[in-house]
Every structure is written in C-alpha cells, then in structure tokens.
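Same chain, two partners: chain A is paired with chain B first, then with chain C.
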Partner chain A sequence: MAPKQANFSKEEELLLQDFGRNLSKKSSVIFYVHAIFVSAIPLWLFNRVHQMELVDNAVLFVIGTLVSAYLISMAYKNNKFEMKHKIAQKRGEGVAAEVYSKTAESDSSKKISKKEKDERILWRKNEIAEAESMQLAVFYSNSLFLIVLILSSFYFFKNYTPMFNYMVSMVGSSAVTALLSTSSKK
Partner chain B sequence: MGFQRLINFAFIFVLFGGATANTCVQPTPSFSHYTSNNEKLSQSSAVVVEFTLKCKNKVDDLLLFADVEGTQIPVTKSPEGNNFQVSWTSSSLVQASKMYKVRFFDEEGYSNLRKAIRSSQDINSVKELFQVEFKHPGLSSKLWIRSELLALIVATIVFYVVCKERSEVIA
Partner chain C sequence: MSLKLITIFLIACAGLVHAEDGDAKLILIKNVLNSIITEGNDLMVQYTLYNIGDGAATDVNLADSSFHESDFELVSGMTSVKWERILAGTNVSHVVIVRPLKSGAFNFTSAVVQYVASEGSDTTFGMSNDLGELDILSLKEFKRIHASHLIEWGLFGVWCIPSIVLPYMLYYKSKSKYSLKAKKN
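Right after this comes the complex of A and B.
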C-alpha cells in the first residue's frame, strides 16, 4: 500500500481550510450565538403557557438551554458543510463571470495572470458559499427545531408535567435536528 | 306534673332554638367578585366571589353551599367574622359575557337541594338563603383557531419554504 502524502501544498491547505468541516472562529461564534438565542426562545413559551416560573426552574432551564444550544450548533455545522460545496458548484459560473468582468474593467495596462484570476474566483466563490451556506443552515435547522418543539410540547407531551415536558421537548427536538443533519444525500 | 310539663316545653324550646341557631335570619350579603377575562390563550376562566354576611340573629359556624349553574360548591369561611369566599373555574366562562346568578344555601337548604336532585325535581323550586348576581364580561376577543394550531401551521409553512430552497441547492 502506498504511503499517504502527509505534506500538502499551500493551495491544498487553503482548499482544505475553506471546504473542510472545521469552522473559523467567526463562524463558530455566529453559530453559537444563534443556537443559544434559538434555545432560549422556548423559555418564554414555557413560562407563559405552561406556567413554569423562571426563578424556580432556573437550573433546569440553564441545563436545557445549553444542551439544546450545543446540539443545534452541531446541526448548523453539519448542514453548512453539506450545503457549502453544493452552493459553490452552483455559483461557480456566476462568480467567474463577475470576476472576469471586474478584472476587465480594471486598468488594462496591469495584466493579471490567469493563476491570479483563478485564485480570485476561488476566493470569491468561497466567500459567497460560506455566507449563503451559513444562512441557509441556520434557517433550516431553526425551522426544523421549532416545528418539532411545537409538536412535542403542545401535542405529544401536553398532559405531562411541565418539567418533564420541557426537558424531553427541548432535548428531543434539538437531538432530532442534530440527527437529521448527519444524513447525507449521495 | 306541671313542673314536668314545664321541663318538657323548655327542652323542646332549647331543641328548636338550637336548631335555628345555625340559620341566618334575614341575610344581607355585601359581596365583590373577580373574573379572569384577559387571557386570550387560556381555555377556561376563574371566578372568585367574596362576601360578608350580616344576619338578624347571632349565628355560629354557619355552613354555606353555593349553586352555580347546577353545580354545588362548598363555601369557605374565614376563622373570624362572617367573611366567606367561593371560587370555581369553567371553560364556559371563556365565552361571551353574560349575567351569572349564584344561589347560596345553608345546611338545611342544601340537604333539600340534594333531595331535589336525587328525585330529579326542579332545583329552582328549592328556596335559597340568598343569591348574588354579577356580570362576567367574557373575553374581549378570542381567536377562532387554537393558538398552538396556528403556530404549528405557520411553522409548517416556513419549514416547507426552507426545505424547498434547500432541496434546490442540494439537487
């Protein structure tokens, strides 16, 4: 068996960084903030409709929110990875046309090499795919989480105690969201 | 013999006197009421009626029962004085406003009421000790669809739109 090549070129490392599963710091922060916000919204629902006092159930709410936020952020990450390279493929032609028209408009005396143009296209494609995949991942995961939460909390576990209802609904909905994000369409 | 007859009359007098000591003569209630009427998401409303009862005679440990639209509810009394309170919840109260009549019975009246119910007689024929009337305003506005169903429908529409967009991207 041939030995694996451990050393990657600079371009390959950049490609891995851009299209790999690992998130940049900025993306991680955005995802965690969204996840905590979405996990905290049902607290108002359980407080007003199920009559659960915030102070009395503070520990339960904190644990539920944190667990749910972690699972939802995992769903964001998986969905974003799945959609990013698909979006990059779809937007490839449009981005290339945009970059070519911009370079043509720039000073004609300064000739830009094909390699540089390709790098610009790749960078722009990555930037657009990153933003669009993040937004779509957040939107999709949030709507899936909320619909499962409404179904479980107000229909399936309606007659259970509020505490049990909260824990099972929150953790269950976020777990279902994370689980469905791990599926991949081949 | 005359003395014996006197003692008998005195005994009978005490018996009846004791029996009437727990009945309020010429009751005069002064009452206040509260109804929950501003909860759009609730499926039932609560009513609380509090009243102070003044009687012509001195009454000890008066037991009262309330009849609310055919349902009998015991009335609680404060340890001191003649302050009473009765409360109940009902899903029918969520509906439009109307006048409510609450009839109050003492022990004797309540047993007559129970007899009338058991023998399927008209309970309105049983004379109450007194009654109070108040207006329940009802909800100012009510959704014709349950709120959780509306939330589910909206969430489903949003999810459908998102799924469609996602499938276009993944395809």
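Right after this comes the complex of A and C.
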C-alpha cells in the first residue's frame, strides 16, 4: 500500500517553514557566506604566525576551509533552530506593541479585525525571531570556533608541525562547534 | 753523604720550580653570546684569553677556522688575531660578529692559540673549549617561535569584527528595540 501523501494548505506550509528545521535559500546563503568567511580568517594566522606558505599548502587550506565551513554552517543551523522559539516568546510583547501602534496610526484601523492583527503579530514576531536567532547563532558559533581554534593552535598543538596543527585545529574546532550546537540547553 | 745528596736534590728541584714559575700559561675560552642563533642574523662569538701563569706570554696568535665563507659572512672583527704580549694575571678579549647563511645543526669547533711561554722557549699550542653542535634556526622558524606578531594579531582582531562584533550588534539593536517597546506598553 502506497504511503499517504500529506497535502498541506498554504498556511500549514508557511507554519512548517517558520517553525521547521529547514532553512530558506536566503538563510542558507547568509550562513554559508559567514561560514566560509570565518573559516578563512585562520589562514591569516597560519600564514603569518605559523609561517605556512599559501601556495605550498593551497590544497590543504582549501580542503580545511571547506570542511570547516560546512561544520560551522551546521552549527549555525542548529543554534538558530534552538534559539528561534525562545526569542519569539521573549519578543512577543514588544512586537505586539509595535503592531498595535502601527495599526492605531493608520486610518483603516477600524477595518482590521483581531484575527488579522494576531496574524500580523505572529508574522512580525516570526520575522524578528528569524533575524535575531540568525545573528545570535552566527555570533555564538563564530566566537566558540575562534576561541577553540586559538586555544588548540597556540596552546595545545603549538609544538607540532604547522601542517598537522592546521588540520587538527581547524577540523577539531569546527567539529567541537558543531557538536556543542546540538545541545538544547541554551 | 746522604744528607749532602738530599740537599743537592732539593736545590735542583727548587731551581726547576723557579724556572717554571716564570712561564706564561694561557687559557682560551670561546663563547657564543647569542641565546638564539638564527640564519641571516648577527652571531657574536667572544674569545677570552686568560694568562694564569707567572710570566708574560709573547707572540700570541689566535685563530678560528670554524666560520667558513660558504656558511658564514664576516660582519665585524677578525678570525685571526695577534697580540704582542699578554702579561701575567691579565686577560684579553676579542669579539667576532658573523652572520650565518644557512640553517640547521652546525659544529662549532675549537679555536687555536699559539704563544711563546717564556723567552727562548718553543711555541706553545693551546685549544679553546669545544662548543659542539649548535642549532641555527631558519628565519621562518625563528619568526614562528620567537617573534611577537603584534601586527598580525591586531589584524586578526580586525578580521574578526565582521564575523563576531557585527552580528552581536545587530542582535543587540533589535533586542533593545523590542524590550523597550514591551516596557513602554
């Protein structure tokens, strides 16, 4: 027997999009750009402080940056999902106040029903929570990644060869960041 | 008779000791003044001659063949020096500054001193202490381990601003805005 195909209404699809773990294309692009940027920052340290030549180690650097970027983008995604609902709850009052003041200012305030107002509040709250959770996820993940990377590269593995140091520090730091993002205690 | 022989023997011994008392005795100490030896950076080598004898040493020649032209560039001083006279109980120093051209382990051999211990005697040869194998760090390795990298760390901090400070500022701005609205309400 063939499995039943779930036919969702537009509203249900929007709700799933808002509260599901899947990211929109815009969010994915933002996350990947941030992840590649933050993964490329350590190249400066390894080139200038650890004296690793960019040309000689180009393949290693590209692989390390891409693996790290992927793991960090995973961390962003997990952190964003964990934070979004909590932020939405916290911003409820503020968003409601904003929507009410906006509707009060407009001439058509009489025409707007309570249901529509609530929908506007919900939509705005979701929009704010989306933006804030993204920003906070990027901040948390980047901070954690760079702190772990500096500790591992300049404290734990400082006496190892620069090549080994780079591989272990980069992959290790991004893996730790991705791993810690899976915990739900934020 | 035996007493006479003993007396003659003692006088002879005293004469020998007295003759040796007037001889010079030089001790040569070779010392590297740098704590870290680096390729392309100046290396200071100090030679100190101590005359611990009772007489003056004459025609003193110091030579060091450690620093070959292919391995070191002579910056200051000479690897072969001459002193006319080094008085008893005094010391002289000489510093040579060389620049290592290669990195890796290098064997710093002894320097040689030759001098006349007393008038009319043959030339005496002496050698300095052997420094042995010392590591000459490459410039890259030296920078990696010992340089402060303040500029590099400063610029690293600048690169971190867009990825750490900027997202937090945007979050904080939004948070403050809606927290304030909630309070007003």
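Observations on the model:
Rule of thumb we're sticking to: the second predicted complex is superposed on the first by the 172 of 186 C-alpha atoms of A that agree within 3 Å, B and C clash if a C-alpha of one lies under 4 Å from a C-alpha of the other, contacts with A are read in each partner's own complex, and residues count from 1 in each chain.
The working rule: a contact is a pair of C-beta atoms (placed from the backbone, for glycine too) under 8 Å apart; a residue touches a chain by one contact, two chains touch by 3 or more.
Since this is a predicted model, take the numbers as computed values, not measurements.
The superposed arrangement places chain B and chain C in clashing positions on chain A.
By the touch criterion defined above, A:Val38 reaches chain C but does not reach chain B.
In the overlay built on the shared chain, the residue A:Val49 is in contact with chain B and with chain C.
Legend: residue contacts after superposition of the two complexes on their common chain; A:Met167 is shown touching neither chain B nor chain C. Contacts of A:Phe154 after superposition on the shared chain: chain B is touched, whereas chain C is not. In the overlay built on the shared chain, the residue A:Glu82 is in contact with chain B alone; chain C does not reach it.
Judged by the touch definition given at the top, the superposed model places A:Leu146 against both chain B and chain C. By the touch criterion stated above, A:Val176 is placed in contact with neither chain B nor chain C. Annotation for chain A, partner touching more residues between chain B and chain C: C.
Touch criterion met: A:Leu136 reaches chain B and chain C at once.
Stretch 62-70 is the one of chain B that runs into chain C, the other listed stretches 8-16, 62-70, 134-142 or 152-160 having no clashing C-alpha atoms. Shared contact residues on chain A (touching chain B in one structure, chain C in the other): 48-49, 136, 139, 143, 146. Those residues of chain B lying in contact with chain A across their complex are 41, 148, 151-152, 155-156, 158-159, 162-163, 165-166, 169-170. By the touch criterion stated above, chain A contacts chain B in their complex at residues 48-49, 82-83, 86-87, 90, 136, 139-140, 143-144, 146-147, 150-151, 154-155, 185.
Contacts from chain C toward chain A in the complex involve residues 140-141, 143-144, 149, 152-153, 155-156, 159-160, 162-164, 167-168, 170-171, 174-175, 177-182, 184-185.
The residues of chain A lying in touch with chain C in their complex are 34, 37-38, 41, 44-45, 48-51, 91, 93-98, 100, 128, 131-132, 135-136, 138-139, 142-143, 146, 162.
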